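Order of writing sets the labels: A, B, C and D. Residues in every chain begin at 1.
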Amino acid sequence: MTFLARILVFPREGVLDTQGKAVEKSLNRIGFGSVREVRVGKYIQVLLEADSEADAAAAAESMCGELLVNDLIEDHTVQVGPWKP
Amino acid sequence: MTFLARILVFPREGVLDTQGKAVEKSLNRIGFGSVREVRVGKYIQVLLEADSEADAAAAAESMCGELLVNDLIEDHTVQVGPWKP
Amino acid sequence: MTDLVWHEHTTLPRDTGLVVLPGGFSYGDYLRCGAIAAKSPIIDAVIKHASSGLPVLGICNGFQILTEIGLLPGALLANTSLDFICDFCHVRVEREDTPFTGHYRKGEVLRIPIAHYEGRFYLPEEQLRALEEEGLVVFRYCSPEGVTGEDFTPNGSPNGIAGIINRKGNVLGMMPHPERATESLLGSSDGAPLWASVNSWIRGRLGV
Amino acid sequence: MRPDHRAAGLSDAEYGEIIRTLGREPEHAELMILGVMWSEHCSYKSTRRLLSSLPTSGEAVVQGPGENAGIVDIGEGWGIAFKVESHNHPSAVAPYQGAATGVGGIIRDVLAMGARPVALLDGLCLGGQSCPEAAALADGIVKGIAGYGNAVGVPTIGGKTLYDGCYNSNPLVNAMCLGLVPLDGIVSSRTARPGQLAVLIGSRTGRDGIAGAAFASSGLADDTRSSRPQVQIGDPFVEKLLVECCLEIHSKGLIVAMQDMGAAGITSSSSEIAAKSGTGIRINADLVPLREEMEPWEIALSESQERMLLIAEEEALEEIGSIADRWQLDWAVIGEVTDDGLFVMTKGGREVVSLPAEMVGGGCPSVQWPSRKPSGGVKGRGVPSGLLDPPETARCLSTILEDPNLAERSRIYRQYDYMVQTNTVVPPGNSVSIFRVRENRSFVAVTMEVDPWKCSLDPFAGAAETFLKALRPLWVSGAKHLGMTNCLNFPSPEDPENHWILERSVSGLAAVARDLACPVVSGNVSLYNESPSGKILPSPLVAVVGLQDCNSPPLRDSATLEAGSVFLVGDTQGTLGGGAFSRIITPGAEHNPGDYVPLKEKDFMERALKTVRKEAAAAGRAIAGGGLMTSLAKMCIKADIGIGLDSAVLDSDPECLFGEWGPRAVYLVPERSTELFLSCWEGFPVRRIGEITPGGLTLDGHEMLPEETRAEKAGRK
């Protein structure tokens, strides 16, 4: 079965988010004064084969651990569901 | 009131997602053979003040139009909700 | 005379001839390269300058900014290798009838450096075809002998596109750095005629 | 509860010393601060005595060790500030960010001297290429250096890369920066006076990298996760603003003293200024712009990047502020210089730290670790290696050229913008890197070397040879050395054998510095480079800065010539110990190290310089890794020329063909210059070993370098 894993990766609490700060300043300057904070992270979408949703979730989690995320500086969340093309 | 806008930005259909392809290859190489496709995009989280959820959503959408997204090459989705710290 | 203009200013110096948006990592290339700079206060003045028919040149990051502003079509995506590339390469001059290339001959091959991570030009296929048909490509990556093709395109740009111009012919964007190729001591002076070209063009136009 | 002193990184003896000096027990924040400031990384406690044996003064030295960077005089009122610094531990756990912040840090060191950063180099000792983890680290490290250096707009003009399994989980990342400074505009960190203000400019302070200095002073724990909060994130864009902002403030004459905030952040920068200036300093933690709520000791020790500490008169404040505002940087007055000799930090009106500034920023008691000569000793001379006929020579050469350690490095340096600022005359990919200084029309040449294999064979001779390997190409290119900087990358000094090796290595560097008058003007020490999987080989890295006037162009290490002679200068025979041949072709064989003969080096230097001055050669290359044949092969590949060698004038043993060590070089000389060339080298061993030909590299007509190899190595395939 094919599953879709949606992985959000963003700078850990307390870790300097250089992009977020730059985007925040720019938004404020171009007229979005109501913006209080911006954080910029990565969105990774993985299509994978697995026997069950639980297996797919486990695989996605281990991809994060091994390649996609450096948990020294990044937090992440994984959402897995069946893939509907 | 404070709202949280969660914006997902990803390469448009038809735009070659080189980063996604590279991640896909790496995942395959390090043992995740079941991975079929990877797409890499951005996840932008904006904390903003607005009078209503609708206003917040409209503001977030217009930020996308003006700065956050280049819709020649990117698609995006916006999700807005009240912010719970 | 050359002036540096602060990004937060809103006007260009009086009697500005050529506006150059140089290379460099404006705003650290955060979000998308050139996107944040495209919203700088000075940009309205640049747009006005361009619409008056005077020349605007965007080099590298400046090219990226021009596409973000919309003065030039398209966008610049990450090199296919996903590496930053700094190297000398060769480009072929495709047009000699622009304010920037008058001192070159069509077909001439220049040795000129590139230094970028996002230099792969992108336009949806049909628009790309139209761009080509209208002859808006000014520089193309090539071999030292002038042969174009994927093998000679360092960043994966379609049709070897290295620089394009707007229809009106006064806004040029290019990834290679002509300002880094003006002295043979530093490896090449093939960029020098570009500066001489605009200079003559402006003198001609302003009658000075 | 108060943390115990060992958890803070202090030994019982050190803790006793603190109590004796203070006459009381330190408070919590004080203990944390002393733990960091008395760490090896900040205090050099294990190496201070050793480093004092290095010659540091000389004709060209304007500023020796002790400031943020050393400075040498390049004439007409201009100086070059330079220094190398390690970022080994951070790069081992977060390769991209670790390497990136290493670049950022060394740029600020040079900026702190009032200099404009104009060039970067990076020395990388990477793990074996067959180890996937090491390859991933290597990739991240190179991307990090590129990511930061490119965006900050300082060209990376060269470096050194080598691969060995000992660096698999402990790669070495040594970043070097050079800056240009008018000699009458040098900024110091020892010129603060009571009543002046401490101004912090740059990024807001966050919880990043707290106690990173202590982290760098111990081995890498098995579970690197435990050391994780200690990594910092770099923001090259803010760094660019910071450089321009500080230089603008300085150009207005508003800076009294300046210090970058590296390891131990506010604490080290402010206490060092106070200690060196003989004053006290009082920091109000409430005034520090923060990203988040923090404890006072965290504020004191945070290693948030892209911050500088300026000391200024109160009258200058308004202008400083308006300049910083224009560059969109946060800034704040965070304290003042006092006359009580104390480093004080207050929070909410309460003194949370009150320590003698000298005790915090002036170093701690030295530690003398025991030394013992390794039992193995220097290895005996191995069996003579026998003779090599031309086909064997060709096989050896191609095996050596295949080795990652002798491959060219364009995969790496093509990712670095080495041309930005448009002064790079000789870019990476050459034996030396050279940039021009427009201000006084001169060429500044830089080389960087590290040779762990030779140092592990014989630390004294190996370190000396490392230094000489950096000097010789400079001379051959036509540049006279002005000074050197170094980074002592070693495993734990607490092991007596390691310590002995460290001592001997420093002696080797000191000997060359003295004999050849190449003083040490700055440097850095990185000890405890070990992980559960082992320790690194002794890896002292040396970088030398030299000067050439613009009257003669730098001599290149290869040239496209139609015809001419090939000369070998120096001994016919090199030495195999610790070299590429023994490592790659005869692993396990034992060979002696080479000898260091100062007079021969000096003689070589004078003749090499004269050769360039007289324009007596078309190209020249000091023989280094892989020996004579490898040097010739690289010349052929690079300029796409052929060389025909005459075996009658060469010996056919590996010592001649592949030996290393000692002053030897090959030159390409056009016919018309032959006499001139020979006159430059008269009295020194010199012989014509072949001629330039069309085609490849041949020995008695045997092809040494098949066309495929040449094409592949030259990137034509």
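For this structure, a couple of remarks:
Here is the rule we go by: contacts are C-beta pairs under 8 Å (C-beta built on N, C-alpha and C of every residue); 3 or more make two chains touch, one makes a residue touch a chain.
All values derive from a computational prediction rather than experimental measurement.
The chain pair with more C-beta contacts between its two chains, of A-C and A-D, is A-D.
Averaging Cα coordinates per chain places subunit A and subunit D 37 Å apart. Averaged Cα coordinates give subunit B a centre that lies 41 Å from the centre of subunit D. The distance from the centre of subunit A to the centre of subunit B, with each centre set as the mean of the Cα atoms, comes to 9 Å.
Shared interface positions of subunit A, i.e. residues touching 2 or more other chains, are given as 18, 22-23, 26, 30, 40. Within subunit D, contacts with two or more other chains are made by residues 235, 237-238. In subunit C, the residues that reach two or more other chains under the touch definition are 27-28, 30-31, 36, 39. All chain pairs that count as touching, in label order, are A-B, A-C, A-D, B-C, C-D. Residue ranges of subunit B in contact with subunit A, taken from their complex: 2, 8-10, 20, 23, 26-27, 30, 32, 34-50, 59, 63, 66-68. The touching residues of subunit A, counted against subunit C in their complex, run 18-19, 22-23, 26, 29-30, 40. Remark: subunit C residues 23-25, 27-30, 83-87, 113, 115, 117, 177, 179-180, 183, 185-187 touch subunit D in the complex.
On subunit B, the positions that touch subunit C within their shared complex are 14-16, 18-19, 22, 42, 66-68, 70, 72-73.
Here subunit C touches subunit A in the complex through residues 27-28, 30-31, 36, 39, going by the rule given at the top.
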